[in-house]
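Right, one structure below, let's go through it.
Naming follows writing order (A, B, C, D and E), and every chain is counted from residue 1.
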Amino acid sequence: MSFNIDWTGEFIAFFALAVCAIVGAVMALNFTKVVHMALSLAFTFVSLAGLYVVLDAEFVAFVQVLLYVGAVTILMIFGIMMTKHQDEGQEAARPLLETLAAIGCLCLLAILIFAIRDADFPDPAGSLPADTTREIGKLLFARMAIPFELVSVLLTVAFIGAVALAKREEEPK
Amino acid sequence: MIEDIPVLSLILLSPLVGLLIVLLLPGQRSNWLRTAAVVFTLIPLALSLWLFASFQPGAGGAAYAEHYTWLSIPLNKEMVNGGSMNLNFDYSLSVDGISLPLLLLTAIVSTMAALASVHIRKRWKLFYVLFLLLETGMYGVFLARDLIEFFIFFELTLIPMFFLIGIWGYYGREKAATRFLVYNGLGSAAMLLAFLILIATAGFTAVQQDTGFQIDFSGSYDVLLKNLADPASYANNASAEMADLGLYLSDSLKWTAFVLLLVAFGVKIPIFPFHTWMLRVHTEAPPSIVMIHSGVLLKMGVYGLIRFGAFLLPAQLESWSTAIAILGVINILYGAVLACVQKEFKLVLAYSSISHMGIVLLGIASLNEAGLEGALYQSVSHGLISALLFLIVGSLYERTNTTQLDELGGLAKSVPFLSGILLTAGLASLGLPGLSGFVGEFLSFLGLFGSMKWITAIGVFGILFAAVYVLRSVLNITYGPLKEPFAGIKDARFIEAVPMVALTALIVLLGVYPSVLTDVMQHGFGGLLEQISQRTGG
Amino acid sequence: MEAVQTLTWSDAWYLSPEITLSLFAVALACLDLFLPKRWNRNFIGWLTVLGLAVAAAFVVWLLIDMKNAGTEDPTAGFHNLLGGSYRIDDFGGLLKLVFLGASGFIVLASLGSVRSKDVPIKGEFYYLMLPAALGAMVMSSSGDLITLYVGLELLSITTYVLVGARKNSGISGEAAFKYLVTGGAASAFILYGMSFLYGITGTTNIFMIGNALGDAVESYRALIYVAFFLMTAGFAMKLALAPFHAWAADVYQGAPTPVTSFLAVVSKGAAFAMLYRIFMNSAYFVQDPAVQKDLYLGLSVLSAAAMIVGTAGALRQRNVKRLLALSGVANAGILIIPLTLHLTPVHTSLFSEFVYYLIAYAFMNIGAFAVLTVVARGSGDETLSGFAGLYHRAPWTAAGMTVLLCSLAGLPVTGGFLGKLFILFGTVQTHIYWLAAILLATTVVSYAVYFSFIRQMYMRSGTLEGGLRIPFPAGLSIWICVAATLALGFLPKPVLGWIDGLFSIQYDFWAQ
Amino acid sequence: MSSLAEYAWLVPVFPAAAFAVLTAMGRGAGRGGAWIGTLASLASLVLSLMLAGQRLSGTAVEYSNHFDWIRAGGFTLSLGYEVTNLTVLMLVVVSLVSFLVNLYSHGYMKDDERISTFFAYVALFSSSMLGLVLSYNLLTMYIFWELVGVCSFLLVGFYFRKPEAKAAAKKAFIVTRIGDIGLLIAILLLFWYMPNHSLDFTEIHNVFGTQTGVISMGITTLIALLIFLGAVGKSGQFPLHVWLPDAMEGPTPISALIHAATMVAAGVFLVTRTFDIFEASQAAMTTVAVIGAFTAIFAATIGLAQNDIKRILAYSTVSQLGYMMLALGVGSETGAMFHLFTHAFFKALLFLGAGSVIHAVHTQDIREMGGLGRKMKITAGTFGIGALALSGIPPFAGFWSKDAVLAAALEANPIYFIVGVIAAFFTALYMARLFFLVFAGSPRGASHAHESPAVMTVPLLVLAVLAVIAGFVQTPFSEWFGEWLFPGAEEEHASVLVIVVSIVAGLLGIYLGWLIYAKGSVRRDVVSSRMPGLVRLLERKYYVDELYDLVFVRPLGGLGKLLNVIDDYVVDGAVRVVGQSASAIGRLNTRLQSGQLQTYALTALIGLVILALAIAGRRFW
Amino acid sequence: MNMLASYLTLAAVLFCIGLYGVITKRNAIIVLLSVELMLNAVNLNLIAFAKYGVQPSITGQIFSLFTMTVAAAEAAVGVAILVAVYRSRASVNVDEFDELRR
């Protein structure tokens, strides 16, 4: 494979958003303040939502924004607030851990990229249905009914569990 | 009449009944408990004596062979073209000329050890429960005719032994117990692997049925013996297609199995360099348990090697016989030289056991009737002698609180009876004619000498060293000036004397009149030798 | 894409166990919420057991029903729901029974021995077992990656909460957090692998994946490796196979003991169910023999590593829960062996081997953890020395524990022994001797591990005087476990015969 | 009346029964038990004499009987007994000496609390020794051979509280066992080389005596030498003689019975029994002769410098056994057996006499004795007869038998003869020294000596009579003994030269001894002042013990210690290493379990990468 | 280089960054967020495959929806656990969560 890049609109969009996503992720690792990290990751999530749009997954993109930017990140920031941070910035370096982690991740990345490049992707044999959102809905209530119902159980459990864990117990006398 | 009674099952199960009864007795009544245990070791003793007395080689009947299928595990059937496949575990008991002497040995030594357990001072109930469990395991080993069954009983002896060493042993008991368990466990593991290899590749019967082959895997010793004796027929029986599937014991697998078996039983026997575990057991376990350990458990290795090594894989054994003989000589001399320099009597006995088991190896390596009989005879004899020796050690330790050679001395003055028995046992141990030790040694040497003169000749020097270490240690204990602390000790009580006299009498009997055993053994080996000559000839 | 297929009432019958559990869970949640605080929550535990029992009854009913149907027409021996996204078959049915039974015994054992002081959220603690079991059931019954994943997460998230149930103890929360992060990362790995699998084949249905993979290997050799290795890594984390196991000891130690045994038995079993489904239906169909062999080899290597590291690690461990965690690592290694064995005409019994050992493992582990619960409750000591002199304090419990330990150590005649024996026989039949050797060697080394309990129980004298109080439900479940362990050793025939009668690779793994 | 031979097996059974009874009774038997032993030996003696009477009548045929001891498929090992002139001769000798010693011991041992044990041992010994001589094959003989060894051991160590006795007993057993190993290997060789795996003496005679060539020369020599090794051990021949002098730690009657008259002669008897094998190999014969001759002179010289009365006699025994071996080596079975026969009587006599002395003075050092001849007339007289017999002075028994040996030696090789004569001279010299120092002169040490009781002196008298007359059965003028014992064997006829030279050597020795030790005309330190090294060498018995200590005992101890270290650190060390390597993996795992979640994750990541690279990577490399 | 490979590469990069974050970041919340990032990378993969895969299908998108939902639930539980831990530890530094060790 070569790098004869076809500068289509999709690619430009992809490129821009990919850069945003990566920058967000990388910055998240480099910031020292926890809040900044969280926000930077939120930026990545938004960029990913953009990519989803490019990939014809508007509904997913919408959910992404709603769930990640709107819920998860906020939840995390709540978490950050609740656990009051005074000690960020003075992280003692763990060079060995970090170096090995970097090497490990880079190796994994290399393997992944090798595998991706090694693959011989044919042209798609079809295309996505036009109205993906509707299709999603149909599928969710038909073939995916069981996982869908299960997710509801799951959310209930998570809800109960989160409450049960987080609520302060009155001290037993 | 005896033919119709399931004597073998009775022998196997009566200790278990005893176990239940002991469980029901109150734990503080040591006398009740001991009596019950002794009674339930006497029952199998009586039964095996009966069996021995009425033994007719080649006769059938429940007294000689019992066979029930314990489990028949269906293996998934869908892929053998319309056929079916099962894995059978059998409850299969049998005696022949090889196992009967060892069975009798087990019964005798167990009874004696039960009597000798008067030295046990605590937790009698648990002791006797475990003791009887151990006894069951030992009977099982010698009676089992199914490989898996054999393995189970083999392992069954490990667990009670662990407890018996670990609870009632001396200072280093727990370590010794764990080491015993793990070391022997490794041996058993090797054995299990070898067994499974044999079963998976040769331990099956294939019957052509309407729907296809019905293949029954089983650990049955008889099936294996038949299949291995006639490889052509069992492979044909299962058709060439089956052989392609790996249902054929190739030579390399045979070798693997053989080496694994050698290691497995080598640990038990023990063969140098796998012997170190047993030193600890000898020194740390309570004497009545060492009686069993040294008297019977080591012989399980010999039995296994003969039963599964020699009978199932004679060609392999034959081509390695020189190596085994050399190992035997190493065992003899190594054990003997080390026994000469030990400072602790129990260690002397431990190394002497190693040396004596070397003689057994020589007998096995000879692969002729004299040698094999010698090996077996030596096993029985060593079982009795070492049981007697440790019986004495137990009694002595109870009186002197030491087994260090340089702390003991002159005991012939204060305990002449014990000293006399000790001397007799020592003389038996060094192979004095007229006592049982000589016969086994002589037959083993005689057998091996036919094929390997030089190796035997070197091995014979073991008996010189035997004289050195036996006399050195025994005389150190009994002769010389009486050490002050032992002036007031009392000679053996009646309850101690009974097993000693009984064992001594047996040792003398076997030394004077060996035919009583060899005539029985003779029938055990007849078939094997034919096989060997056939297989190696053709 | 096939026509829209929705759930029908007849499907509800097939889903009856799952529905039962959901209903019980919701009902108990409401009950717990509305009942006064001062009421003892033990009755919720009993109701949980009831729910599990009812679900198990449904499972058995279904199994029998389908077996009867299957005698005439083998294809009626299983049932696909919603285009194969959910699958009712004997594989799932048997494993569900294991999970439900195990959960039931765990709850039973914890009744009366879990104190409100330790677990303030006792109500939740009991009824959250239901959704957890539900997740496990879903995992064993899925025909679709999505369902599998959701089931997995249902189980995981519930157990995250359960691990943290000892709210007043800092270590419980720490364990929960560690479990959550590990579990999350593991899920990410599994998902990442699944995404590649989906990309290569264009479907999430594991049967169709299997069909599609046959040809895909040409173009996607490396990606197939990546997909499977990522999933393997994820599952290895969930199963705590070495070197992905390190979290297990910490989490097991921090969790309430009943939850620990739930993690050790049900979570692990469910992950196995998933792994077996995926590998039997996809990796098995990779047409390139080298690739196929490698995928299984990866599992074998992990299995070997787990056996070695788990056993050796346990040698040096004094904390019983950590020790059992490491023993669980080793046992996971053993449980994975049947999967790695080739199917050959003489060896097709991998499922019996697996499920038999799983059952034995479940009983011995639950029993051991139950004993640990009562012992630690008495001595307040979760290390080995807590067992010191147990024989003198409670001889029968010590004897029962001895049986369980023998089973764990694989000594005859126990379920653990026969289970290992079947697996070994499988390795020998398929000529994978190195794995057999490692299994045997580590088994023997594990004697030293398990017998260190026995040393404590029988050969040391404990500091505590007086008897050991054992709550009735705990005692009951201990003795059921001991009895079952022995029964599995002496009379495995009913269980194995039943499994063999029900299960068929052809129809329970492959047929669509 | 051939039926009597069928009951020959009873001869050893009587004492065996006595042993069993005495053992069963334990110490309770006391002195009454002693009579049981004595009666049993009397019974043996009577039966032996009856057997001998039958054989002397010349009508009896050789009788043998055996039973299967071990049956092992293709072959059987049997035990049995055989009655021939040779065995009957030995039976008589053994049972006679045994009976006399039994009798004597009543006096000698009467104060010992373990007297019944003593008699039990003696009975066991008699039984074994009688069994040995009756054996019909080598296996039977080997069994009894070992048993007599063990009895010897038991009796040497009878005074078990004495450390010397303990050491001597051990030494006796172990050193003779070296020889036993030779014998055992010889038996193994014979078993596999003989046609039909036969070990019978008759078969051996047939195969080696008549069918030469059935067994190759090399093997024949090997077998002969190995058998001889057994004989060397038992008969105290160089270089395995070291145990015999030490064995004098046992009670003196035992020294007389076992270590002079009977057991030590078993080696000679063994060689005689298997003589056909030796005759078939010249090399073996030469070895026997050389060893015998060397031992004869070697021990005699040591005897010159010893001060312990029993040790002098012991070295004398070694030396005389050397004569017997020499006789065998030069082909004279008759000479050997004849000397054995006479030696049994006079040496038993000497030992019992010595015992009588020791009993009286409670010391064994001849330098502390003296002038006992006046107080102990019977002892002195009989001892003198024994000494003359040993010195080879006619007409005492020793003269005739030694003469026969020397004659045969001269026939074979003059060197043997010269050595024999020199040894005879030394023999006479040390006996003279012994006799004069003990019985002549003035008392030096304990003076409360008195004559022993009749129960001790009667055996002395009986033996003295025998020491006088036993030699007449075989003189250069009438060779009845040789004819009777080995019909058909050719014997050398003693020449006048031999007779004269041997008498001269003997008389010269005695004269010199008289000069030095009785008359005092030659100073005692005449040699020791000139050649102190030589005397020292003799006193220290040529340093053979020290040499053995240096060459065998210490290296063996060192080897043992070395192996002990190896066993601990190498063999067991390997086991520990294996165990610790499992532990080490465990420790590694423990190191990993730092509680740091992120370390766990990192380990997992690295594990995954390595796994992927190792398994999948190789396919893409 | 076609688009699919680009997306996949981007996903791989994000996945690895997330993984790196999980391994190295001290703050427990960031660790949780890093896990979320890994899951997001997976989602990108799924959605890219949904469009460019062998057979474009909506399944990938549905899969990613489930992933997101579950991830949110997981995050909620995660934060709840953290809060609970914080109560007893007064810290959210992952490297201080080492009471359970050895």
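Following the convention adopted for this analysis, a residue touches a chain if its C-beta (ideal position, glycine included) is under 8 Å from a C-beta of that chain, and two chains touch if they have at least 3 such contacts.
Here the structure is a predicted model, which is why all the values come from computation and not from measurement.
S.K.: Give me the chains shared as neighbours by subunit B and subunit C.
M.R.: The common neighbours are D.
S.K.: Touching both subunit A and subunit C: give me those chains, sorted by label.
M.R.: D, E
S.K.: Considering only mean CA positions as chain centres, point out the chain farthest from subunit D.
M.R.: Here the answer is chain A, farthest from subunit D.
S.K.: Between D-E and A-D, which chain pair is linked by more C-beta pairs in contact?
M.R.: D-E
S.K.: Which chain, with its centre taken as the mean C-alpha position, is closest to the global C-alpha centre?
M.R.: Central by C-alpha mean position: chain B.
S.K.: How many angstrom lie between the centres of subunit B and subunit E, each centre taken as the mean Cα position?
M.R.: 62
S.K.: Round to the nearest whole Å and give the separation of the Cα centres of subunit C and subunit D.
M.R.: The mean C-alpha positions of subunit C and subunit D differ by 78 Å.
S.K.: How many angstrom between the C-alpha centroids of subunit E and subunit A?
M.R.: 6
S.K.: Determine the centre-to-centre distance between subunit A and subunit B, using the mean Cα coordinates as centres, and give it in whole Å.
M.R.: Between these chains, centre-to-centre, one finds 67 Å.
S.K.: Which positions in subunit D are in touch with at least two other chains?
M.R.: Subunit D, residues with two or more chain partners: 590, 593, 595, 597-599, 601-602, 605-606, 608, 612, 620.
S.K.: When you check subunit B against every other chain, which residues touch at least two of them?
M.R.: 182
S.K.: Residues of subunit E that touch two or more other chains: which are they?
M.R.: Residues 4, 8, 15, 18-19, 22-24, 31-32, 48, 53-57, 59, 62, 66, 70, 73-74, 77, 81-82, 84, 87, 94-95, 97, 99-102.
S.K.: Sort out which chains touch which and give me every pair.
M.R.: A-C, A-D, A-E, B-C, B-D, C-D, C-E, D-E
S.K.: Mind listing the subunit A positions that touch subunit E in their complex?
M.R.: 1-5, 10-11, 14, 18, 21-22, 25-26, 28-29, 34, 37-38, 41, 44-45, 48, 51-52, 55-57, 59-60, 63-64, 67-68, 71-73, 75-76, 78-80, 82-83, 85, 87-88, 91, 94, 97-98, 101-102, 104-106, 108-109, 112-113, 116-117, 119, 121-122, 124-129, 132, 135-136, 139-140, 144, 147, 151, 154-155, 158-159, 161-163, 165-166, 168
S.K.: Could you please specify the touching residues of subunit C with respect to subunit A in the complex?
M.R.: Per the touch definition, subunit C meets subunit A at residues 4-7, 15, 22, 25-26, 29, 81-83, 85-86, 116-117, 120-121, 124, 128, 131, 134-135, 138, 144, 146-147, 149-151, 153-154, 157-158, 160-161, 164, 167-168, 173, 176, 200, 218-223, 225-226.
S.K.: In the complex of these two chains, what residues of subunit C are touching subunit E?
M.R.: 1, 145-146, 149-150, 153, 156-157, 160-161, 164, 167-171, 173-178, 180-181, 184-185, 187-188, 191-192, 194-196, 198-204, 212, 216, 249-251, 253-254, 322
S.K.: Across the complex, what residues on subunit E touch subunit A?
M.R.: Going by the criterion above, the answer is residues 1-10, 12-21, 23-27, 29-30, 32-33, 36-37, 40, 43-44, 47-48, 50-59, 61-62, 64-66, 68-77, 79-84, 86-87, 91-93, 95.
S.K.: Give the list of subunit B residues in touch with subunit C in this complex.
M.R.: Within the complex, subunit B touches subunit C at residues 71-81, 85, 87, 126, 148, 151-152, 155-156, 158-159, 162-163, 166-167, 173-174, 177-178, 181-182, 185-186, 188-190, 192-193, 196-197, 199-200, 215, 245-247, 256.
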